[in-house]
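Heads up, the thing below is written out as structure tokens.
Chains here go by letter, A, B, C and D, matching the order in which they are written, and residues are numbered from 1 within each.
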Amino acid sequence: MKSSRLEAFSDGVIAIIITIMVLELKVPLDGSPKALLHLLPLFLSYALSFVLVAIYWVNHHHLIHLIRKVDGAVLWLNANLLFWLSLTPFATAYMGQTHAAPMSVAFYGTVQTTCAVAYAFLHAAIARQHADDDQFMARYALMLRKNRIAIAITAATIPAAYVSVRLAMVLIVLPAVMYFLPDRRMEMNEAT
Amino acid sequence: MKSSRLEAFSDGVIAIIITIMVLELKVPLDGSPKALLHLLPLFLSYALSFVLVAIYWVNHHHLIHLIRKVDGAVLWLNANLLFWLSLTPFATAYMGQTHAAPMSVAFYGTVQTTCAVAYAFLHAAIARQHADDDQFMARYALMLRKNRIAIAITAATIPAAYVSVRLAMVLIVLPAVMYFLPDRRMEMNEAT
Amino acid sequence: MKSSRLEAFSDGVIAIIITIMVLELKVPLDGSPKALLHLLPLFLSYALSFVLVAIYWVNHHHLIHLIRKVDGAVLWLNANLLFWLSLTPFATAYMGQTHAAPMSVAFYGTVQTTCAVAYAFLHAAIARQHADDDQFMARYALMLRKNRIAIAITAATIPAAYVSVRLAMVLIVLPAVMYFLPDRRMEMNEAT
Amino acid sequence: MKSSRLEAFSDGVIAIIITIMVLELKVPLDGSPKALLHLLPLFLSYALSFVLVAIYWVNHHHLIHLIRKVDGAVLWLNANLLFWLSLTPFATAYMGQTHAAPMSVAFYGTVQTTCAVAYAFLHAAIARQHADDDQFMARYALMLRKNRIAIAITAATIPAAYVSVRLAMVLIVLPAVMYFLPDRRMEMNEAT
């Protein structure tokens, strides 16, 4: 299997995940401003998830292009990442529907943590294919440290949700931005 | 990232947006003509949105082919456009479900306006990549004027919906046709 | 625009149409045989629609490969075909939900007729691009006659549904098989 | 038709099947742990189906690459496989919703059996294209025996569901793993 096919399939799944979330915005039956305003938490959680999934899409692309061989490990760790990502529409609607009840925010944080861990596992499997490339492995070691900090912060949202929902929200957004924005060191690696 | 991948992903999202709208047509449980006729406003709003999204698809294609480099600005302004487009199924169902209540038409107009503004932002980011091309920039200046008129008309649907729903409908359809039909000047630019 | 992009987008829309139909099979809440048997009409209408849409997919592929230039006519007549095809999941669920009430069968026949007419319009627009090719036009004249008979039979399902649902079903299946199976004469044309 | 197009369309349908299953996870309206725990059977059946469909995706890829010519048999046996696979989201939700009632597990087993039989039919049609290749046919004969055992075990889940749901679950997972994991003998054949 070529990595281009793995990428096309993953793209298809991510495109569906990002778009079906909007189906959870249940249409109000009356045309009053109140009915529409009632949907605001759901809308905001949709916007947040759209951005998070889009960041995964961009970074996934960079990762896929580092694959040397689509072996069993890469194939199934990629499927694993897609599985946890596919729970995002559910977690998003759950958080919006319950108006960010602590339980739902903790659940959202759990799904985000599993996605980040699944991404790190896929990243590690691809890095193993470059074990003979010292320059690559030096960069990967740097990233790995960063990844671990990011996962720790994301995981911290789970207990934080029961203390303060606002704090939990900050902890969800923070590492996503820091960790998942396309990494210049990765791009440099692609260029060389 | 190549623009072909950006295009394939955007195509996937637009194909899903245009098709899932039909899921909002809730199936009547009895086989009476009255139950089916009751769906007519929803059906008409679906037909309108199908055309509007199809126009975006065609124009998006022309725009993507003008990209010189998929940089961060292009990537995120494209994601921004897809986000607002993805609200179309919701706005469509809302307008159909409430039988074009003023509030729902104003909301539909708002979503259309944000889509038009998001498209203009993406257009501007791509134009910046051609800043050294005088011929391109001269054409772009002409379009920019047209774009601003089109956005103003679309935005006018929001207050208009509270005065006359029919007037608002005309204001939604008008600039879409004028602004989003593939522009011959753009195509000429592609040819040269 | 290249015809390959038109094909990829159409494929995406058709793949979504054919798959989301299954979402209309509402899951029974109890595990009794009766609850499952209750879904049989819905299941049968899904199977019928799956086959009909798959036939469109195959024939659409043959048609797209005859395109010389993706002009406005081809673009919008293709969008028109996709629009009517996209009503199939609704018509299917309506027929299944009402256990093939005459009204719902007539509606299903109407959607099938509009799809067949939309397909014929697209076919005609593509044929016009080959007006200088006598061999092509001779074959097209033969097909056109066949198309007209097929559309007439499909349209006959609409009144027939009020007389006998079984007769209407035969009239839906018959021309679909006769008209939409890949035409060897078309394939010969592709080969030459 | 080229096999690459058959593959792209099949990929699209499989990507949609695997992703829309998550829409069956109905969002709880309150943020209590009990409401979330109530979804556990549905979640587990989703995870099981995700893995089974992913295995089909991987194996389908290997199969498609053995196609010499996309003839009518391959085309329609592939559509047949996609049809039965498309029933997986329904069977999954049914099993989860009824908390694995015997009837629902038997139904799930039935869908899995029809998928396995449909896959075997497609496999046989592709093998016929290699009838002149003794090495290929020798390997195919070995697989055919394995396939028949796997289908027999899968079919055994249907009566087993009424005896013990746990036993039925083992019978669903067992042959899927044994039969559908990419076969090294097939890959060797691709390499030669």
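In this section, contacts are C-beta pairs under 8 Å (C-beta built on N, C-alpha and C of every residue); 3 or more make two chains touch, one makes a residue touch a chain.
Keep in mind it's a predicted model, so treat the numbers as computed, not measured.
Visitor: Count how many hops through touching chains it takes, at the least, to reach chain C starting from chain A.
Guide: When the steps are counted carefully, the minimum from chain A to chain C is 2.
Visitor: Quick check: superposing chain B onto chain C on C-alpha atoms, how many degrees is the rotation, to the nearest 5?
Guide: Rounded to the nearest 5 degrees, it is 90.
Visitor: Chain A-chain D contact: same residues or different, taking over half shared as same?
Guide: Mostly different residues: under half of the interface numbers shared.
Visitor: List the centre-to-centre spacing of chain C and chain D in whole Å, with centres computed as mean CA coordinates.
Guide: Centre-to-centre distance between chain C and chain D: 27 Å.
Visitor: Return the distance between the CA-based centres of chain B and chain D, expressed in whole Å.
Guide: Using C-alpha averages as centres, the distance is 38 Å.
Visitor: Identify all positions of chain C at which a residue touches two or more other chains, and write them in rising order.
Guide: Those would be 8, 12, 16, 20, 23.
Visitor: Taking the touch definition from the header, please name the shape of the chain graph: line, ring, star, complete or other.
Guide: ring
Visitor: Once the touch criterion is applied, which pairs of chains come out as touching?
Guide: Result for touching pairs of chains: A-B, A-D, B-C, C-D.
Visitor: Considering only the defined contacts, which chain D positions touch chain C in the complex?
Guide: 1, 5, 8-9, 12-13, 16-17, 20, 23-24, 72, 75-76, 79, 82-83, 86-87, 89-90, 93-94, 97-98, 101-104, 107
Visitor: So in the complex, which bits of chain D are touching chain A?
Guide: Listed in rising order, the residues of chain D that touch chain A are 7-8, 11-12, 14-16, 18-20, 22-23, 25, 27-33, 36, 47, 50-51, 54, 57-58, 61, 182.
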